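Both complexes shown next keep chain A, but they swap its partner, so chain B is in the first and chain C is in the second.
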Partner chain A sequence: MRTIKILGMGCPSCAQTEKVVLKALEQSGKEAKVEKVEDIQEIMKYNVLTTPVLVVDEEIKIKGRVPEVQEVIELI
Partner chain B sequence: MQPKRLTPDEAYNALEKGALLVDVRGYDEVEARAFLTDKVWIMPITEFAARCDELPENRLLILACTVGMNSLKTAYYLINKGYDNVANLEGGIEAWEQAGLPVFKDPSKIKESAGCCCGGTVEEEQTDCCPDDSGSCC
Partner chain C sequence: MLSDFANFITYDLLKISMNGALDDAVRFFIYDTTKILLLLAIIIFLMGIINAYFPVDRLRIFLTNNKMYGLEYLLASGFGAITPFCSCSSVPLFIGFVKGGIPLGVTFAYLITSPLVNEVAIALFFGLFGLKITLIYVSSGILLGMVAGFILGKLNLENWLTDWVRQMQQNAIREEEVFEAEKLSFTKRLPVITRDALDIIKGVLPYVIIGIAIGAVMHGYVPEGFFEKYLSADNIWAVPASVILAVPLYSSASGIIPVIQVLVAKGIPLGTAIAFMMAVVGLSFPEAMLLKKVMSMKMILTFFGVVALCIIFSGYLFNIILV
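Coming up: the complex of A and B.
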């Protein structure tokens, strides 16, 4: 099972990214462990300056914007 | 390693002793309201990764933004790059101004699109970042 992390410090776009990810999982029927990471120290382990960031299996896939549902489906 | 966390007064005193303030807000925000000191470099977060090697390693670097969130990210970013004398201005220019420290203000250029903790501004990334109407999300 894939692990999806959403990095962001709690701004609206980070919350929107989580909704998009959950919708992508629902639409695709795939299963994944979804984790929100809001702690700045944890976020900065990925060395990113813009959030939200979508991380799939510890690989940064999208940063600095809210992804589209179809985009996430293709990534997972 | 973590960045030091400085209050506005601590930051001001550090500047007097040779520290450098690094303002990571966008140019439009800086034009509207700026730290009034000659010891400040403007390096917007959108350019930060490309330009941060310009920063001196032999001075205390105090990262600053609107409220202290973006600057905290850039502070960690510098530490990850090997800088070991890095601080964050807690509360950003908001706290700096509230503490009565010098700022330059041009009211004609003050917009609702304040800095955003995502790393951009509402205007720059309206469809992606902070899609609410508040102007500043954090």
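Coming up: the complex of A and C.
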């Protein structure tokens, strides 16, 4: 099972990203562990400059914008 | 054309009689709301496109690896101006800069300008005050970020960063690696940019409408020159008082600019008004709360203090120049 992490300090677009991820899981029928990372110290470990960030299995996939549902489905 | 539209709604559709305070207020409200909505849409959308393609990672590497004799302040401050207005994304960037070994002062220049010059403020300024005042606001905002950043850099505040950030700074690695730019075609990105722009507009719209409504009422009912007595340029305390008043008003920044425009029309000096607005958007409690994760209280207070002083100074300056 894949682990999906959403990095962001609780900005509106981070919440939006979470919604998109959940929708993508629902539509594709796939299962994954979804985790929200809001602690800035944790976020900085990924060496990113812009949030929200989508991390799949510890690999940065999308950063600095809210993804599309279809995009997420292709990534998971 | 917009003015015809406002006249049409006021006199033909709502059948409000001419030459009263009411029709003046209603017409003003309709005209301003339509104009500002259009401008918000255009400017937020354009900024969205710039932001989607701006190579942040490359800028960081560029700032880290080049000695630029002061130009780095301009770059960081200018970069702050084009990034979107959300303090939640400013903080990761701040740390990212520090971690990359960019001097604290340069990083501050970014952090100051980022909220100060934002797409919503630009749209509102342009719609309400016109091009000249907007350019003055934007360029003085960028200059203020540079100056305040430079002062903060000279104060050697490194020891006031929280421990984990300081450690990161000491272990700063000069990165050469350029992240692979996302290869997403423009047509694919466009819907995302549009949606983000709509989200921003939806978020600020209630404030803007309330602000314009209050402004419209004042426009119709408050006599010309009413505020001059209290807030004239001769009153030495007007600028600092308005800056202090502004700090708690952050969340409603987009609603305040339309009110200010009417205040200026009714006799408040422009410099005092600009200082007030800079303080509203530039010094915010929510941002201070987020910064607590990376800075000690002492550092946040120094940061806000220096920025406030710079804003007050520019308020006086504008009151002298822009008469």
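As a working rule, the second predicted complex is superposed on the first by the 76 of 76 C-alpha atoms of A that agree within 3 Å, B and C clash if a C-alpha of one lies under 4 Å from a C-alpha of the other, contacts with A are read in each partner's own complex, and residues count from 1 in each chain.
The rule we apply is simple: contacts are C-beta pairs under 8 Å (C-beta built on N, C-alpha and C of every residue); 3 or more make two chains touch, one makes a residue touch a chain.
Please read these numbers as outputs of a predicted model, since none were measured by experiment.
**Student:** Just chain B (first), just chain C (second), both, or neither: which does A:62 touch?
**Tutor:** Only chain C is touched by A:62; chain B is not.
**Student:** Quick one: is A:9 in contact with chain B, with chain C, with both, or with neither? Answer first, second, both or neither.
**Tutor:** In the superposition, A:9 touches chain B and chain C alike.
**Student:** Which holds for A:43: it touches chain B only (first), chain C only (second), both, or neither?
**Tutor:** In the superposition, A:43 touches chain B and chain C alike.
**Student:** Which residues would you name on chain A as touching chain B in one complex and chain C in the other?
**Tutor:** Common interface on chain A, chain B vs chain C: 8-14, 16, 40-41, 43-44, 47-51, 64-66.
**Student:** Looking at the complex, which residues from chain A come into contact with chain C?
**Tutor:** Touching chain C from chain A are residues 8-14, 16, 40-41, 43-44, 47-51, 62, 64-68.
**Student:** Which residues of chain C touch chain A in their complex?
**Tutor:** 52, 56-57, 60, 86, 88-89, 91-93, 95-96, 99, 164, 168, 182, 191-192, 195-196, 199, 203, 290, 293-294
**Student:** Please name which positions on chain A make contact with chain B in the complex.
**Tutor:** Residues 8-14, 16, 40-41, 43-44, 47-52, 64-66 of chain A touch chain B in their complex.
**Student:** Give the list of chain B residues in touch with chain A in this complex.
**Tutor:** 2, 45-46, 48-49, 69-70, 72-74, 76-77, 80, 116-120, 125, 127-132, 137-138
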